[in-house]
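Just so it is clear, A, B, C and D label the chains in written order, and each chain counts residues from 1 on its own.
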Amino acid sequence: MEVVQQDTQIRFNNHEHSRKIKAWVQDNRTYANLGKCANYIPALERANPSQLGICIIGSNGSMVKMGDFDTAFTLQSISKVIGFIAACIDYGISYVLERVDVEPTGDAFNSIIRLEVHKPGRPFNPMINAGAITVASLLGGRNPVEKVESILLLIERIVGRYPTINEEVFHSEWQTAHRNRALAYYLKEMGFLDCTVEEALEVYLKQCSIEVTTEDVAMIGLVLANDGYHPIRKEQIFSKEVARLTKALMVTCGMYNASGKFAAFVGIPAKSGVSGGILAAIPPRGRSGDSPFMDGCGIGIYGPAIDEFGNSVAGVMLLKQISREWDFNIF
Amino acid sequence: MEVVQQDTQIRFNNHEHSRKIKAWVQDNRTYANLGKCANYIPALERANPSQLGICIIGSNGSMVKMGDFDTAFTLQSISKVIGFIAACIDYGISYVLERVDVEPTGDAFNSIIRLEVHKPGRPFNPMINAGAITVASLLGGRNPVEKVESILLLIERIVGRYPTINEEVFHSEWQTAHRNRALAYYLKEMGFLDCTVEEALEVYLKQCSIEVTTEDVAMIGLVLANDGYHPIRKEQIFSKEVARLTKALMVTCGMYNASGKFAAFVGIPAKSGVSGGILAAIPPRGRSGDSPFMDGCGIGIYGPAIDEFGNSVAGVMLLKQISREWDFNIF
Amino acid sequence: MEVVQQDTQIRFNNHEHSRKIKAWVQDNRTYANLGKCANYIPALERANPSQLGICIIGSNGSMVKMGDFDTAFTLQSISKVIGFIAACIDYGISYVLERVDVEPTGDAFNSIIRLEVHKPGRPFNPMINAGAITVASLLGGRNPVEKVESILLLIERIVGRYPTINEEVFHSEWQTAHRNRALAYYLKEMGFLDCTVEEALEVYLKQCSIEVTTEDVAMIGLVLANDGYHPIRKEQIFSKEVARLTKALMVTCGMYNASGKFAAFVGIPAKSGVSGGILAAIPPRGRSGDSPFMDGCGIGIYGPAIDEFGNSVAGVMLLKQISREWDFNIF
Amino acid sequence: MEVVQQDTQIRFNNHEHSRKIKAWVQDNRTYANLGKCANYIPALERANPSQLGICIIGSNGSMVKMGDFDTAFTLQSISKVIGFIAACIDYGISYVLERVDVEPTGDAFNSIIRLEVHKPGRPFNPMINAGAITVASLLGGRNPVEKVESILLLIERIVGRYPTINEEVFHSEWQTAHRNRALAYYLKEMGFLDCTVEEALEVYLKQCSIEVTTEDVAMIGLVLANDGYHPIRKEQIFSKEVARLTKALMVTCGMYNASGKFAAFVGIPAKSGVSGGILAAIPPRGRSGDSPFMDGCGIGIYGPAIDEFGNSVAGVMLLKQISREWDFNIF
């Protein structure tokens, strides 16, 4: 399936790039066999593991969509990026970093060890669950609904559509969140939560359950690529400092325990979720004269078969190929 | 002190940039008060903590040197970068990565915990001591002298001068290397060393004792910035893949336990050593039209007063200012 | 204050032993200055730190009470012993040990690290919180009230009085149990809890809030000393196997992170609580001919000023003196 | 094979007890199938896994020997007990405990994690390798030979024969001691070793290589059982305080990571070695009137097929049966 879209802002992309992306999606879709869908809740388990879709949006408004680009999926851990940005918008970087550090850990996303060993240290970074729950607790708003609203509104400003929360997913997450509750109660005891444990979890699990498509994710990536500036809406959504900090976090901690390998072999700021989504931001650069998207672009990928680390298998392989072929590696 | 150098290859740099660097060195030198020289061996303890020097070499051969740029210092952990590259040249990336992973850890550089918890896993990355000793053991050469030689020759190819090993530093390191011996014996038991413990340590501690100046380090950074190509000698020293991988490692693991913070607030591939040196590589890019070194540059910094993480205090602050002012942040 | 009590079952103790105990209580009371009352909930913080009381009940029914022996206090961690015995009575040792191991750890009582490192292992022993919460969850009874009832009835069978739960303490514990909730949710995720987290915590925190005096605790110790046989009521309360196992656990894990030191220098099966209570069981033995309580005895101590490990400072010193003077050391 | 020995000091044991021991050795020998000999060095690997032998010496000099009681084996970790006693004799308990704690850990015998997490804490106890190497380093003597001599002489005083060191075993241990070297260098860096790493290891590995039989080990157990007093030679070899402390350590930490289970189900102070030896000390007591060895006894066992924890499989089962049948459980 191929879509080349145009409206007042989004323009046709040239055919050669579309043709290449089409071939790469086909080629890399086979890697989905090496993974399987997350199965801890029914909604994720029901996903079609052979799907693979992508949307790329350039700074000039050009867009390429290919494969299963229009399947709706929940943000899951990709929401950690949005939550972190929303918290920085509301309170400033300094305030947020008093509650959560920005160091990679090498531990599993849901690890609790480091909190105890480094007691009474902050969670190591906002891309692991401990850090993301801490960030969720300090979002602007007097209650969980308002806190989630600050994330929903930020997404709306970027994608032009108020997103919905997948209530089935949220309900399932809520029921099975034993490990996250363990983390949250630990954080509460250590004084890192600005609200009750149940409130923080409600915010965190609702932000994880926000439903998007690859286009939404690509648009978020586009704004990150442009240092917080929305090149299509022509609006500064958040500061350059927040954007740079967020992209650095994506590189050092964005792909779970495979972040180092992803940086080493793909070299793109990216954040994955167990639903199979990947958010990537390609900053503008002038390295190779003949690559497309020289002014930067945002990429949204969906491929629900994930690997042992929690990353979309086919999605990572697709991004790796794109990065190599079009020299998107930032290093 | 200001030096603008010229020879057949290295050209004058324009005065305005020199003037700015001069002011920034002066400004940031005061931060040295917040750190102190490493004191575990006499040679490092004797350093003048108030020193701060820098050398920047652009891809076009322009060079700026300022402050205490000509003080000789030992590579220490900066050598981990050279050793890793040398091993990849000798054996290929795949072979090396069978012995050492590329994931950041958040643990201290000399930590042994993770080796035990993740048993029988590889060392997490070549920028921590466990990984660097592993890499040292597999360098090309039948004995420690030949293995060190492979590093010395690589440096010679880049800087045009066969470097010397500071024997006093090596001797002191050798005497006090209890923790590194502990790591090495642990690695030996786990089967990660290709030679004896004493041989691996001799290689590792000798590479740490290689004496350089900021210009040497800047030249190494320049080659990394140019993806392994030496723009002055017009020679491909190592492959683009090795260069990209190495720069990714520098970003995720290069600045000890402050790597995440450095990525977040400076955003430059860099590697520090406890001697106070910093190696930085600025890839070419086209972001802001009015910055110098648009085609990329290498930076060598020396400032022996280090912080709790092991990084030059004034050096980090200087790099932060340069990155902000000239938009060197890669994210 | 000295009390020598007599009824049909409890007989006068000889005066010399009373006199010695009186002196030792006076002497060791001064050690209370080195500790302070637990302060995480008001009820514990309100305790008088200078108090020290003891009750010893011999197998022949003789009893000595001295000092602040009649101050009511909550069992806290001493309840872990009762809960473990109750679970073994209800389900047998084998069943219980499928859910909780009997190995000492050296970790803090509320540590969560080991659960993660040894995943998916059982909690290491029933004397740490993770193990005690697991045991609480599998107690006989269809709901928390019935599960707590099984502990209350066991205590009633031993002390001859249905104990009360200090509702203020339970309420405070419930409000501040963030760390225990973290542990419990972790256990739930790992499949070790037989009921909901909130139910397990209700049981565990209620059993911690059972109010007793030194005499109650001494009577429990007496039954343990006699391998489950109640020498005054002339009734086998639980099996010899359960008693021996429980005393072994008390020796290896009963005094928090100071269990090893307590075994080394006091040498008595004992279990402490942060309220300042200590339960000790002196098995019958024939070592030295002139010691009192040759047929074994139970000891209850109360001294609310606790040390860094959570043990009553004066209580431990008092037990150490008694053990040395009367050769109670079992080794 | 059955031997009932008599000399001026060692008297015949009654026939019924010999008959029972004979049957139990036969019965429990079959458990050897569940284990296998240590295979990290040839000398241990060569042992006959089906062997099982025992020697029991009572305080009155009676002795029972059964099965493969006369096979020579090396002390291995059993030497940790002797080394600890020797150090306490030379320097006093207080001095020794400044270098090594007495807390059980639950970690593997060769674990290094805890040293790092609890930095800069002492090794947790003298029964794990880190603690035993520390103790070896502080033994009386100006060099390794003299330090080992202090252990050999202590054994000679107890067993009446100057023991030999199995040089083949020592040589093999020395060659393969990577993990112990790692521990020792770690300890050296932390300042816990009183001599060089190589010296401490020489002492430790030589003490592990001391060759004994079950009778030697039983005699050591007999002296421990009698609180340091040698009932046959009628001599106080070491103080009651050292004996009690040592037996407490054996109970909490003597059987590797199965110490808790051994205390719970066997209930005897014991120390095992990977060679398949077990040292046990049964304190005198008057619990059940019809058991033999009412005045205490020492037990030496040899059964080289070990379990996953490092304990003789058949030996543990044999001790369990003896403890149950003759009520040797100290709790």
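Convention: contacts are C-beta pairs under 8 Å (C-beta built on N, C-alpha and C of every residue); 3 or more make two chains touch, one makes a residue touch a chain.
Computed from a predicted model, the values in this text were never measured in an experiment.
With respect to subunit D, maximal separation of chain centres occurs for A (centres as means of Cα atoms).
Put simply, the C-alpha centre of subunit C and that of subunit D have 32 angstrom between them.
Inter-chain centre distance (subunit A to subunit C, centres taken as mean C-alpha positions): 50 Å. The geometric centre of subunit A is 57 Å away from that of subunit D, both derived from CA atoms.
Those residues of subunit B in touch with two or more other chains are numbered 117. Chain-to-chain contact here is organised cyclically: the chains close a single ring, every chain touching exactly two others. Working note: touching chain pairs come out as A-B, A-C, B-D, C-D. Within the complex formed with subunit B, the residues of subunit A that make contact are 101-107, 114, 124-125, 243-245, 247-249, 251-253, 257-261, 263-265, 267, 269, 283-287, 294, 329-331. Across the complex, subunit C meets subunit A through its residues 111-113, 116-117, 178-179, 181-186, 188-189, 197.
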